Structure formats: C-alpha cells, structure tokens
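Letters are used for the chains, namely A, B, C, D, E and F, taken in the order the chains are written, and counting of residues starts over at 1 for each.
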Amino acid sequence: MSDPVFSHLDAEGTARMVDVGAKPVQRRVAVAEGFVEAAASTLAALRAQALPKGDVLTVARVAAIQAAKRTDSLIPLCHSLPLDAVDIDFSVEAERVAIRATVSTSSKTGVEMEALMAVSVAALTLYDMCKAIDKTMVLSGIRVVSKTKQ
Amino acid sequence: MSDPVFSHLDAEGTARMVDVGAKPVQRRVAVAEGFVEAAASTLAALRAQALPKGDVLTVARVAAIQAAKRTDSLIPLCHSLPLDAVDIDFSVEAERVAIRATVSTSSKTGVEMEALMAVSVAALTLYDMCKAIDKTMVLSGIRVVSKTKQ
Amino acid sequence: MSDPVFSHLDAEGTARMVDVGAKPVQRRVAVAEGFVEAAASTLAALRAQALPKGDVLTVARVAAIQAAKRTDSLIPLCHSLPLDAVDIDFSVEAERVAIRATVSTSSKTGVEMEALMAVSVAALTLYDMCKAIDKTMVLSGIRVVSKTKQ
Amino acid sequence: MSDPVFSHLDAEGTARMVDVGAKPVQRRVAVAEGFVEAAASTLAALRAQALPKGDVLTVARVAAIQAAKRTDSLIPLCHSLPLDAVDIDFSVEAERVAIRATVSTSSKTGVEMEALMAVSVAALTLYDMCKAIDKTMVLSGIRVVSKTKQ
Amino acid sequence: MSDPVFSHLDAEGTARMVDVGAKPVQRRVAVAEGFVEAAASTLAALRAQALPKGDVLTVARVAAIQAAKRTDSLIPLCHSLPLDAVDIDFSVEAERVAIRATVSTSSKTGVEMEALMAVSVAALTLYDMCKAIDKTMVLSGIRVVSKTKQ
Amino acid sequence: MSDPVFSHLDAEGTARMVDVGAKPVQRRVAVAEGFVEAAASTLAALRAQALPKGDVLTVARVAAIQAAKRTDSLIPLCHSLPLDAVDIDFSVEAERVAIRATVSTSSKTGVEMEALMAVSVAALTLYDMCKAIDKTMVLSGIRVVSKTKQ
C-alpha cells in the first residue's frame, strides 16, 4: 500500500468534510460490536440484578440510541444523517458484557460511525453504573462487524 | 465479594442519579487511556502526514475536549461538572495509536467518566479519518489509569 | 382490546427505535394544544404587559420552536426529522393561556411528538416567566388535536 | 394584587436573565408532579409488560433525568445549575400514570423548572411509547408540589 | 513584543484547555458590542414593525442569551461557566443596528467569549430575519468593550 | 422600496418558521467571509507558530464545521438541513486573518446562515486563542459572498 489517502484531508493536508452531494441516497446498514471486560462478581451482579430487562442495561441502551443520533455533533467531520433505526443488544458473557449495535439509514453515506458511537456510549454507561463495585473494567474490541448498502 | 451494589440503583433496582449534595468540593484529577489498533500502513501515513502537529491528531484532540465537556449529556446518570482542564496526548506506536486524557475539576465528584469519554471520542475521530484507508481498526484497552483527589 | 403492542418494544420487551426505512416520504402535519392555568391577576398582567406582541409570549414562542427541532434528542426513541414549518399560537383566555402548535414535515414518520414538545416547552417557558407572581399555575390538557398526511 | 411584576422583564418590558450573582449558594430541592391520562387497556398493558422494572418506564426515567440536566438550554431565561440529584417515580394508577420528580441542587437559585421539565419529558416519552395503541392520552396536572431551601 | 505566547498552546504548540483550577472564584463582568450594517429601508422596516418590543428584536435577544449559555460547546477550549446574568440591548441607528451584550458570572475565569458569542448570534439572527429584504447586510465591529472583576 | 416584508413574521408580526414544504430539493451552495483584525505581533505569531497546518487554525476550522452543522439550534427560525460539505479557508493577511466558508447542501432552502455561522465561530475561536496576547482584536466584514443553486 504505497499511497494511502486520508479522505478527510484535502491536497494540502487540511481537514474538511467530504462532499457527499453527488452520492445517491441508499439504504445503508452498519453493525458494530464491543466489550466491557469486568470482574466475575460484577458480571454475576449484572446477571442477578439487571435481568431480565432491568434498569442497568436499559439505561445503557437508551444512552446508546441517543448518542447514535448525535454522532454528527461529536465526530467533527461526520455528516448529519437521519437514522431509520437503531438496535442495541447486550449479552452478559463469562468474562465480559458483549454489546452489538445495528444502525440503518436511507442517505448518502454510511453509518459505521453511528454504530461505533452507540457501542462506545453503551459501554461507557455500563462502566459508569458498575464503577463503584469494579475498578478493573476495560473497554475492548470496539470495531465494525459489517457494513452494507442496497 | 458477597454483596456488590450498583450505586446508580436504589433499593428497588431503579436507576437514579447519586446524590452528591453532601460531598465536599475537591480538586479531582482522572487519567484514562485507550488505543486504536491499525494497519502498519495507516500508522505510517499518520506519522508522515499528520506530524508534527497535523490536522488529523488536532481534529481528534478538539473532538475529545468537546466530548469531555458534554459527558453529562451523554452518560445519563453523570453529574454536570465544570472542568478545570483537559489534556489529550497521542503517541503513534508500532501497532497502534495510544491516547491519554487527563481531566481535572474542582467539584463534588470525580471525572473518570469525562476522561474515558475523551479517550473514546478521540479514538472514534481517528477511526473516522482513517477508515477510508483501513477497514481493520479496533479500539481497545480503554480504561482508567489513575484517579486522585486533594 | 385484548393484545395491545408497544411499537417501541420488540418481541422480548426491549426498547428500540421503530424502523421507518420502508415508509414513504409524505407531507405530514400535526397539531397539538395545551394550557397554562393561572391566577386571574397573572392573566391580567399577561394581557396588559405582554400584548400585542410583547416579550413574554415571544420568548415562549422561540423556546417552543427550538424545542420542536430538538425533539429527537429529548425523546429517546424519536427519529430525527427535518421540520418544514412550526407555528405557535397563544390565546390568553379567562382562566388560562391556551397554546396551539402546528408542525409539518416531509418525511417518513409523523410529527405529533414535535407538536407536543413545542406546546410543553411553550407552557414551561410561560411558567418560568410568571412563577415569581403566581405559585398556583398548572399545565393541563396537553394533547394531539389532529394528525394528517398527504 | 395590584401590580404584578414579571421578574424576567426589566423596567421597559424587555426579556432578560435575572441576575443571581448576589444570592447565596444553598441546598435547594423541588418536587413536581404530573399525569398521563390513558385508556384502561393502555394502563393494563403498562402494568403487564412494563413491570416491575421494564423498559417503558426506564426509558421515560432516563429521558426525564437527561432533560432535567438540559433545562437551561430549553427554557431561555433559566440559569445553568449543577444538579446534585434527580429522582423520578412512576405510579400506574386506575386512570393515569402519575409521575413525580425530585430535583436537588447546591446553587444560587431554585430547581422547580428542572423538576417540571423532568415530569414533562417523562410524560412525553410515555406518550411516545404508547401512542400506537392509544390516541386518547392527555398530559395533565403538571405542577410544583414543593420547593424548599436550607 | 518579542515572544507572544498563545495561552491555549502548550510548549509543543498543542491545543489544550488552560487549567483554571488554582484561580479564585470572582464576580466577573464582560461587555461586548457589534453591529449589523443594513440598507436604510431595512432599518426603517425594523423601526416600524419591530418596535417598541416586537418579535424581531426579541427573537434575536433570546437567541443571544441561549448562545451565551452554550459558549463552552461552541468554542472548543472555553470552560463551562455558570452565568449569573445576560443582558442584550439593541439600538436601531441611522445605518446599522447596534448590539450590546453584558454577561456576568461568579467563577474562575472571565466571560468575554460569552459576551462576544451573544453579540454574534444576535447579529446573525437579525441577519436571518432581514435577509429576504436585504442582501447587503454586513456584521462589523464585534469586539470586547470592557472586562472587569471584583 | 415601499413595502418590505420580514419573511419570518406573519401578517400579524408574529415570528414563525417559513414553510419550505413546497420547495424543491436542490443543490445549494453559499460562501461567506469575515475577518479578525489583529495587532501585527499577533499576526506574526500566527504565521510563525500556527503554520503551515498548526493547531490554532485547525482548532478554529473544527469549531467552524461543528457550528455550521448546529446552525438550526442557534438561529431560532432556521430549518434543520443536512450539509453535504463544509470547507473553511484561512489567510493570514497583513492586518487581519481572512476566513472563508463554503457550505453546500441538497435541500429545500439555502445555507447562507450556515456559512455565516461557520465564519463567525471560526473568528470567535481565533479570538479566544489569541486574546491573552492581544486585547485589540475586532471581528469585521462578516457577509455572504455568493449564494447559488442548481
């Protein structure tokens, strides 16, 4: 790979929003995932107190949905996109909580940043609610799983 | 650890903001770190085009500072805190970009969520600027390094 | 009515944004109304000082328009919609101030929440400006009057 | 009451923020309440699906807490206040959902607008989640229950 | 002047928020002014339709107050400050509208940016409301008039 | 000019958002410019420390792009528009910094307010970063340079 180009920099290396004016409106879906690694006792508490549909996960879900809708105001060079839908799934696993966000839009550019933002804020909200009982948590593996358009 | 308690849940398991009314105003500092794992070519491009004080890292730094100031509107149960200072450091390492945020306040509760938010949004902004050239990036190791008060 | 379904809950009872991706873009208009019940002296003061186009009602009108545009960030599962127009009417009646909001859009879903938000924030802003002279005010009768699409 | 004065208007009737610079910082608590009147079937569905700590009420609670923290950006002449705590209680009654918000601060002015905002946005969020099954809902009785300082 | 220093840059030229942690809380007041130069017919229309307390100036006043409260989210390296008061005065002069903003706080740093932001957004809002009848308007002379602390 | 009409006022002089529902979606571009007049030493410092792509101008550029995207929440009667692109150019001249913003959209109304907002916030951000070394700066000449549609 000899000549990588940052799409957000112009020929002089200056930051800019990429012009999406000529791109077609398409249905676009992005899925992102991420994890909150936590102590076994924290995960046990999450399973016991927070399930089946308890407040802890729902607070994180709401925070994630709201953050997805505000991605354009948090990531400077992102476009403002109307989101068709946002789904947030949690799975309390043996050593971590897994978070998966599915975001869809009908617009000129994709929504992977919105999906990543949703996962990150869900993880941070879980962190906030568990931090009094667990100082060892780490957010890890936040990445895009898939990105499609029709 | 027999009886972990989620501080953001009351006796009935309902989400609430913890009452900080009786806590003293103190100088509080939190440091968080995190990483963007990227392809070698991406890291080389960042070193070549973005240094010494280029737009890519500065855009991420500004986004991080602004996000730190808005943590209370992103994490539902966080308090609104006036931040005394926010510093964001980047280090382009062999296999990743390291991000470190130092946040300080003079108030009734700590700022580790603000530091974690700054690191996360810095990482997401880097991701956004590099995603056209690298589909393999992962955010990892986002955690609190230290938290002190005087 | 044997089996009501919350459209914002999936089969497992989990909150989500309803997917509007397959819905057509249509002109949609919603009208909402609401009231601020107040003491006779407050209403007299509003008539005397605030009319014909005085600051009190205009401040409430501006607050209502701005709130309508931000409904998606206040109501967690609402979609972000571009509003075509927002109109706010006030009528100082015998025992209350009547507020009516008309909101229109050209998009995939309706704007009754935007109209209700506009009425609510107009009422709250009036409350704020009159609260020093009247501790008895009550917001009442906030509801959707009509909702149409073409 | 012969000469009521709008505290937010100066001698010429112009809107302004009241100067709170000379007021002492005090612990201040405000309680507000309000109601969502709904069909019996809606209330039954809320009881069945949403309890004990289901998503519907939690989504409304989170929305209310976040709105309380943003009152200064929604009500034009309100001051920005750091909130010590926000509690939101719901009670599904025979003909309505009752909402009660308790907001506290340590600052120069009171938080009744924050409590009213929390109740209003909680009610609007419930409305949003139930509107597909009930077109008859009305928000009513939104008022300040108590306001104290120490 | 041999060695000017940008306070928002550290020794390596990197942007940062200045640490105000060690500064005393003081009453601070800043006054800023600015002008919208407009056609005579525009100014005549403003005088005729907008006075004495008409909607045009009030809309601009509300926008200015709200923008002053949000300065920290618009100017990246500004601190979040609780404002004690904001006053906005307009004077329709022969060739322009004069705008003056007075902003006060009790905090660790000054509010000249808040006063400048208020003037700028008031001017932009006037521009927005007059732009259909006047394509020649110019914003000019936006500056700090005074800055004091006690 | 016998009968100027404020498009944002209805027949009774009441503020409202203009209804854009019947207007066609078109590609629209607006260019605005403005200046920060500063002391020679400030301009020399900007040239020396901030160039070629230094933090000072980049911080102002990011602030301008983010403000352009938020114009609808700052200017009360502006519509929410999805921006296709935002470009911000700076030129450090003999007696001032020149700022030029080019904003484009594909929507029902133009973006001159977004371009003016971008210029204004870029200028204010420069002011903020230079104010410790220069108390004489003035923002001037903020105006629309061109406005086109296709």
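Throughout what follows, a contact is a pair of C-beta atoms (placed from the backbone, for glycine too) under 8 Å apart; a residue touches a chain by one contact, two chains touch by 3 or more.
Keep in mind the model is a prediction, meaning the values are calculated, not measured.
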item	value
Shared interface partners, meaning chains that touch subunit A and subunit B	D, F
Between subunit D and subunit F, the fewest steps along chains that touch one another	2
Selected interface, B-E versus A-D, where C-beta contact pairs are more numerous	B-E
Chain whose average C-alpha position is farthest from subunit B's own	C
When subunit C is superposed on subunit E by its C-alpha atoms, the rotation angle in degrees, nearest 5	180
Label of the chain whose CA centroid is most distant from the centroid of subunit E	A
Distance from the mean Cα position of subunit F to that of subunit E, given in whole angstrom	15
Separation of subunit A from subunit F, taking each centre as the mean of its C-alpha atoms, in whole Å	31
Cα-centroid distance, subunit B relative to subunit F, in whole angstrom	30
Shared interface positions of subunit E, touching two or more other chains	13-15, 53-55, 58-59, 61-63, 66, 70, 76-77, 80, 82
Pairwise touch network: line, ring, star, complete, or other	other
Pairs of chains found to touch, sorted by chain label	A-B, A-C, A-D, A-F, B-D, B-E, B-F, C-D, C-E, C-F, D-E, E-F
Touching residues on subunit C, where the partner in the complex is subunit E	53-55, 58-59, 61-63, 66
Subunit D residues within the subunit B interface of the complex	27, 52-53, 58, 61-62, 65-66, 69-70, 80, 82-88, 104-106
Subunit E - residues contacting subunit B, complex	10, 12-21, 72-73, 76-77, 79-82, 107-108
For the subunit C and subunit D complex, residues of the former touching the latter	1, 4-9, 13-15, 34, 39, 41-42, 44-45, 49, 54-56, 58-59, 62-63, 66-67, 70, 74-78, 112-113, 116-117, 120-121, 123-125, 127-135, 137-144
